[in-house]
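First subunit A sits with subunit B, and in the next complex the same chain sits with subunit C.
And then the complex of A and B:
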């Protein structure tokens, strides 16, 4: 399906990542946004609030992030594509409802423009400290998808991708921006609507008598209906059967929770995405994401100039993590270097999947700024020595 | 028991509201003597005569004994998270204004953890009917104190008695902007049915508080007898005072209960206000939002 041309501002723009995210949502067909102001994400909802009235969208500034993160789920059952937008403190408040969306398989998008934490931390300055929270923040087990743009263009593109993945897998998708990409202004190309691919909602098309709200298709994802379609649906965050009815048994829990995990795990080959640069034959591979993937480039270039064989693997999809590729590389290279604006989060995944075969070096940073490329360079240099 | 009495015609529905219930989910979880089921009966009767297209009615509950109501109603029904039925309902209603959205939940759910959402939905006048079952207690979790527990009543977390002032919910709802406010008890089944019907017919944020017995936790701990004794208390102590100033309708431990319809007024709903405002602002460029 192609994007609805209404609202798509085809052309070249000079805008920041937050505004690009708003445009991406509009192009993706999102017509319901609920949010609560928080730096550095507020510009997303400001642009939405400005743009929505004339393109038939509904924006509501809710009383808090808890409300925002569930209002979007009501809106999805009402038939809309919906998104909420926040930063660290608000992201923490949304955790219960990320779990609800995972449990009740509500396709929706949560945007987190990361700032320095913990707590109120550094409201106007960058961080990448919410990456593990994105994976594990809500209680219980579930599968999740998270994307990491590194430019305003990608904020636009990946917001559309986030909506598409959420519809395809009926899962909340987290767009993990950071203050730098959110506030950085660059050229953003918005393609013509007929060149924007949209994954339509998977509505049930079978006979009404056979309908079961949580009966999965072959790819483990159940098709949906809307409130008002005449199916008398029941949706609960309790453990439920395919009908949607609560069942408090170990067997029901096992069946449902396994599928929530497996629908992402078993489809991971289709979801996982990363970009590689000169990884073949490298001794050291830098694994990075978000703004840090750009900051690492001068460090990598410098090392290469000096003859070091350095590859670069950039995560586009952080969750599910490209475990297979890391495992494979761990048999070929000497070490991984992982720069991130936190004191060690995604580095644990790299360590876990390289399983002690190679050295894994964190280049940590507490937040408030991006790395000095020199610090990344120094770690690369040391790790080449072995 | 004589054989005659057991000789019932199996084809006859034994419950006139069966068609509104998910009978395959019976028996329900509620205790004998619990007042929640009585209110569901009233709700079903209100729906029956409301003239509403039932396919377009959605019920949203939070978490609690009352929160289980959504799961027993044969309507589109959503059992959400604790305290958050109202913001879910807000999203649902604004996404598809064709729907009639009913929030059905407990006193703790709607006015403690969900209190912020309650006041803001009333302020915005989001078009929804909120049915609040006030059993003075957190039932589901074992009888802890609630923002509605009367002064001096005991609860598991106020074993020596409650010294916190309780909410006067009709006053709260009115002062935040609700367009319809009524209070009845589970004893007043006809009034409850009528109030729900009126609330459903109302455009805007309508609020019906229903006092209902929780014999298992509230009555037992406070030595008030069983469900029936609580009904007798409602019967003997309720005073119907329609249109009275909601400031005066606070409740006290086993004291008089003011019941009635307190507020019934008009105010533009959230959507009407938005459409009207943007219509003036943008003129022909604006298409009224219809979902």
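And then the complex of A and C:
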């Protein structure tokens, strides 16, 4: 399916990452946004509030993030594509409803423009400290998808991708931006609507009397219906059967929760996405994501100039994590270097999947700025020595 | 041209951010270059020192912040004192002639100045001083094609003020050409 041309601002723009995210949502067909504005994500909802009245969308400034994250799920059951936008403190408040969206398989998008934390931390300055929270923040077990853009162009492209993945797998998708990417202004190309691929909602097409709200297709994802279209709908965060009714048994829990995990895990090869640069034959591979994937480039260039064999693996999809690729590389290289604007989060995944076969070096940063590329270079240099 | 870093400093209300935006827009939309703009983003108040930073490059920009700007435009004394030590060796410093006294001017840089505020007032609106500055900067640095700058000015200013702003740009540009000729 192609994007609805209504609202797609085809052309070249010089806009920041927050605004590009808003345009991506519009191009993806999002017509409902609820949010509680918070720096550094405010410009996303500002633009949405400005643009939505012209294209038939609805934006509600909610009383808080808890309300925002549940309002969007109501809109999805009403047939809309919906998103909420926040930063660290708000992301923490949304955890309960990220779990609800995972449990009740609501396709929706959560945008987290990361800033320095914990707590209110550094509102106007960058951080990447919400990465593990993105994976594990809500209680219980579930699968999740998280994307990491590193430019305003990618904020546009990946917001569309986030909506598409959420519809394909009926899962909340997290767009993990950061303050630097959100407030950075660059050229953003918005293609013509007929060149923007949209994954349509998977509506149930079988006979009404056989309809079961949570009966999965072969790929483990159940098709949806709209509330009010005459189907029996019962949606609950309690453990439920295929009808959606609460069933408090070990067997029901096992069946449901396993599927919530497996629909992402078993499809991981299709979801995982990363970009590699000179990884073949490298001694050291830098694993990076978000803004840090750009900050690492001068460090890598410098090391290469001095003859070091350095590869770069940049995560586009952080969750699910590219475990297979890390496992494979761990048998070929000497070490991984992982720069991130936190004191060690995604580095744990690299360590886990390289399973002690190679050295894994964190280049940590407490937040409030991006790394000085020299700090990344120094760690690369030391790790080449072995 | 390689990667060039530009810093613009002044006080809130002078159009410091818009100036950075116009350079970036001209370079990346109308001049086939790459550009990244970052604005100092903090709890600053109107009237206090503010700055914007822009990078213009023929190739993709990886590291998004400026480290040692080759071009610096300052429109207030405070910005002069605060920012000029950052200017790269051999860099170009552009000051607002009547707002900035270039005390202890560095010897290792090229300095240009323009009474942009006065020119703007003569054109009928003090507010367009930043656009006068943009015209002047375009003439003395050649960082972005002049036609690309004109296009960016036209689409970036409020509707109905295009002509005034283009006049302001041209005024600054012509003055820049004459100052540059003097220097040569």
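Simple rule for what comes next: the second predicted complex is superposed on the first by the 386 of 386 C-alpha atoms of A that agree within 3 Å, B and C clash if a C-alpha of one lies under 4 Å from a C-alpha of the other, contacts with A are read in each partner's own complex, and residues count from 1 in each chain.
Definition applied: a contact is a pair of C-beta atoms (placed from the backbone, for glycine too) under 8 Å apart; a residue touches a chain by one contact, two chains touch by 3 or more.
As the structure is a prediction and not an experimental result, all values here were calculated from the model.
Asker: Tell me which partner A:184 touches in the superposition: subunit B (first), subunit C (second), both or neither.
Answerer: second
Asker: Quick one: classify A:63 as touching subunit B (first), subunit C (second), both or neither.
Answerer: The answer is first: A:63 touches subunit B but not subunit C.
Asker: For the overlaid complexes, name the partner, subunit B or subunit C, with more touching residues on subunit A.
Answerer: B
Asker: So in the superposed three-chain picture, is A:312 touching just subunit B, just subunit C, both, or none of them (first/second/both/neither)?
Answerer: A:312 sits against neither subunit B nor subunit C.
Asker: Is A:263 contacted by the first partner subunit B, the second partner subunit C, both or neither?
Answerer: A:263 contacts neither subunit B nor subunit C.
Asker: Once chain A of both complexes is superposed, is A:201 in touch with subunit B (first), subunit C (second), both, or neither?
Answerer: In the superposition, A:201 touches no partner, neither subunit B nor subunit C.
Asker: First (subunit B), second (subunit C), both or neither: which does A:40 touch?
Answerer: It touches subunit C, and subunit B stays clear.
Asker: Write out the stretch or stretches of subunit A touching subunit B in their complex.
Answerer: Residue list for subunit A touching subunit B: 32, 34, 53-54, 56, 58, 60, 62-64, 66-68, 70-80, 82, 96-97, 100, 226-238, 245-246.
Asker: Please give the residue numbers of subunit A that touch subunit C in the complex, ascending.
Answerer: 12-14, 40, 124, 179-180, 183-187, 291, 294-295, 297-298, 370, 373
Asker: Enumerate the contact residues on subunit C facing subunit A in the complex.
Answerer: Counting only subunit C, the residues touching subunit A are 21, 24-25, 28-29, 34-39, 41-43, 61-65.
Asker: Please give the residue numbers of subunit B that touch subunit A in the complex, ascending.
Answerer: 22, 25, 55-56, 58, 60, 70-71, 74-81, 84, 87-96, 98-99, 116-117, 120, 278, 281-282, 285-287, 289, 291
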